[in-house]
Amino acid sequence: MPEISPELLSSVIHPRQSDTHKGDYGRVLLIGGSDQYGGAIIMAAEAAINSGSGLVCVATHSINLGALHARLPEAMFIDWRDRNLGAMIGQVDVIVCGPGLGQSDQAIKLLQLLKVNLTGEQTVILDASALDLIAKNKELMPTRSKLIIMTPHQMEWQRLSQLRIPFQTDSANLAALRALVPGSKGVLVLKSNHTKVFDTDGNIYTNPLGNPGMATGGTGDTLAGIIGGFCAQFGGKVNSVLAAVYIHSWAGDLIGQDHYVVRPTQISALLPRLMKKVAEKL
Amino acid sequence: MPEISPELLSSVIHPRQSDTHKGDYGRVLLIGGSDQYGGAIIMAAEAAINSGSGLVCVATHSINLGALHARLPEAMFIDWRDRNLGAMIGQVDVIVCGPGLGQSDQAIKLLQLLKVNLTGEQTVILDASALDLIAKNKELMPTRSKLIIMTPHQMEWQRLSQLRIPFQTDSANLAALRALVPGSKGVLVLKSNHTKVFDTDGNIYTNPLGNPGMATGGTGDTLAGIIGGFCAQFGGKVNSVLAAVYIHSWAGDLIGQDHYVVRPTQISALLPRLMKKVAEKL
Amino acid sequence: MPEISPELLSSVIHPRQSDTHKGDYGRVLLIGGSDQYGGAIIMAAEAAINSGSGLVCVATHSINLGALHARLPEAMFIDWRDRNLGAMIGQVDVIVCGPGLGQSDQAIKLLQLLKVNLTGEQTVILDASALDLIAKNKELMPTRSKLIIMTPHQMEWQRLSQLRIPFQTDSANLAALRALVPGSKGVLVLKSNHTKVFDTDGNIYTNPLGNPGMATGGTGDTLAGIIGGFCAQFGGKVNSVLAAVYIHSWAGDLIGQDHYVVRPTQISALLPRLMKKVAEKL
Amino acid sequence: MPEISPELLSSVIHPRQSDTHKGDYGRVLLIGGSDQYGGAIIMAAEAAINSGSGLVCVATHSINLGALHARLPEAMFIDWRDRNLGAMIGQVDVIVCGPGLGQSDQAIKLLQLLKVNLTGEQTVILDASALDLIAKNKELMPTRSKLIIMTPHQMEWQRLSQLRIPFQTDSANLAALRALVPGSKGVLVLKSNHTKVFDTDGNIYTNPLGNPGMATGGTGDTLAGIIGGFCAQFGGKVNSVLAAVYIHSWAGDLIGQDHYVVRPTQISALLPRLMKKVAEKL
């Protein structure tokens, strides 16, 4: 089973062409952040911005607007109850749904709204409570996507796949992934201390990096945001996901060299420098 | 066609005289920031403050107050529905209108308010949705200005000038600029990967700097804020605009040396050091 | 009487095992932050996050949500009037109650809610106004705890123990501590310029570190948060408390080497580096 | 006329004694920050905290709470309409009134509230719109103070003293100061590019430091906060004021060595290091 490698990262992150503008680096819409979990969607957006998305918009509970802009003036905002959200879903390149979403009726409505407004040309990343809601009601899966990426940790995957953790073998995971996204291309990022990535073509990759200092709230939200940013810039494909998984852990390992606990926002802050090194082969 | 040069920058940014106070460095009013796009006007204000404006006031949707002051306690605030806004427009030296303004009825009212309250002695910078609104209704152009500066990117300029991008030649751009501000002095900053600056006297300048890491949301808002800050301090004239365009890209290039993506707030943060170097010939 | 030592710190802070996840590092719930004193609970949460808690949730007045997430997107939020708070109390590992709590009727209700929802397996840290409320009504003591840790300064201890400061001898303090938590295991962190720690087993420890630059508002809130973070990760036991007291002062002494006043948030920011040094014997 | 000197600074800022607690470093209450000018009182509070006040409370418009705590969790908050504000005025050591206060009816009420709740043992610093309101109605002067410190710039002093700027001679300023605070001890900090300090005993001092990069909004608010912090720690006396004026400019000069414009929050951030150098004769 291949490990994700520095070479893979280099093949994904290439120098930007001079004759480009922000529209060339993709539009990412992040949906999440209830009145209790606003920080999660802010961290995901922070990752999406720092990983280079051209434009980032956050659909969240209105109570989170102040903190969002205090940290991230680069992000645009839309109240997740705004009736224009459906139209916006149809206009972006990548949707990240789940960080801090919660499991309220409003959260379910948002998944429904996502599902019906997709165009079929978009990449969707599903994380956290979005996965738990889909576990309860498979009809919520946003199937009209070019690529569906799911980023559960093992317990979320258990709920979603009905595979208890000891039975989460590679073959079982592949079969469950395919069953979840019938007719669509899908990627499963199964987070653990040795994160694996599965795709519906049957490929399986392991992430050689990462450290237990990253075991803290927000690390997963940050990963979801980086995947969003990379798919927006580098295309909605498995390699973009692999590169995101790898750089997230690489950043965490660098910070972890002299920090006992790695705050997720430190990972986001480090991304522009690491991406530059990779792009320039420094 | 002349390139903007370090010598031009040096001719604009001079050491401050000791016997001066904040009033000598100009009052800038920034108008923008709807309930969705508050970050844009915050980034513009961040640029205006860091570029040295003596006093900065932000007229924006009231929902943006908290984030504004969390980032920028130096900025004053006025609710963009406040009936005193018209009087304030008449009292400042420079107005930046457009970042995050949106295209609501309120946005149109603000452009009308701007137009009628100008004194004829002020510099106005029009950016983003202010330009789109004027594209739809030329009557909104704030003609009673000492200098009107417009900062569209190519697509915004297409909407404003009716020149499709392939037809945006220098001579066509000059003619369109003159037609837009009949009887006024105007400057067009046409943003692209090779930004050009046109004035109604027929001068055309190119910006030799800039990099694609700057292709991210907020870069333009930051430029508008720097132009505002420079016109406030160094006078509402073409050279102030040229210096602003140049230093914005210079900062972006320095940050881009080791960052794959250049966050606009990094540009603002770097300005005081760069301006010092220029002023002191360091 | 033994001093807390670097060896004690090393025995508590050990390298994290690779096969772990955030759940292994404990759930901390912090209760406090009225409409006047929101900063206190934010500082306590900042300490809990930086000291390595796996998950941190803050129960506070809703007015504090924006500032909380602007500083700490890693923290989860619950309105302290939310009827689900009782259930949440029963699900976490450690509760820190008191920073910025105030003495309103709502504060009293929160102490009552805490008391009835504890499971007997949890560690509770009581600080600041929580102690003052208990001083007035001993029935509020949350006795159904695995460990009760109190962190008064001398005047708060006087109100709680009825021992005037000159009479706060070691033996009197021990007796008062035991009387306050009959049948429970308790720890008293008596804050002064020579902080002492007492436990109901009769042990007494002194803290050799600390400096008067730390004599500023928020230092105590930060200590309470570190104790919470350490008990969550390293277990609810006296050694975790001792390690927290020691590292708090060590950080303060390092910062105080070149700062006249030590801002509490600087202490929190330094923790991950210090903990790494200890864990790796650097 | 003596210049304020490094020796004066050293005589004021002394090493802290080990057997002290936050109460020994004074309680500062800052009153100001309308719905338009909230940043001003935040900057003053930032200065008071960084200059070492033991406890800082901010009485301001409730809309400013979020930004205050996002920047300064160390600060306590009280709604400036809170009926307990009068009692709080009586309990603190130093009151700074004016930054961002505005001239509304509420501002006038606050000055009246201040006046009647003073105990006669407190130091009051009057800045900005507080001075303008007193200029219009001398009855608002808070005469029941141990020391009244006013910090106008030249135009504010003109309005307050009725001395037009060309007539602001030393002797005229002294006479006007004495007339303004009959029967009280008063200090006038007359801000200009060569700030002078006058006291009612007839002493006049000049500040040899400062630079025009400091000519930006918020510099004065920061000075008011430092004066508040120094009077709280080092006593309400002229030397505390002189030290505050000096260190404010010294910090500004250091920052100004490589920054064209000196942001006021940079001055505050530098204070703990400078104070340490002075206290330790480094």
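Labels A, B, C and D are assigned to the chains in the order they are written; within every chain, residues are numbered from 1.
One rule holds for everything that comes next: a residue touches a chain if its C-beta (ideal position, glycine included) is under 8 Å from a C-beta of that chain, and two chains touch if they have at least 3 such contacts.
For reference, the UniProt names are A, B, C, D = ADP-dependent (S)-NAD(P)H-hydrate dehydratase.
As the structure is a prediction and not an experimental result, all values here were calculated from the model.
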Worksheet item: Residue numbers at the chain B-chain D interface: does the shared fraction exceed half, giving same, or fall under half, giving different?
Response: different
Worksheet item: When the Cα trace of chain A is superposed on that of chain D, what is the rotation angle, expressed as a multiple of 5 degrees?
Response: 180
Worksheet item: So which chain is farthest from chain D, going by the mean of the CA atoms in each chain?
Response: A
Worksheet item: chain A to chain D: how many Å between their CA centres?
Response: 49
Discussion item. For chain A versus chain B, what separation do you get between their C-alpha means, in angstrom?
Written reply: 35
Practice prompt. Specify, in ascending order, the residues of chain D that touch 2 or more different other chains.
Written response: 66-67, 70
Fill in: Contact footprint of chain C on chain D as seen in their complex
13, 16-22, 24-25, 49-56, 65-70, 72-79, 271-273, 275-276, 279
Discussion item. Looking at the complex, which residues from chain D come into contact with chain B?
Written reply: 35-40, 42-43, 46, 63-64, 66-67, 70-71, 153, 192-193, 211-213, 215-219, 256-265
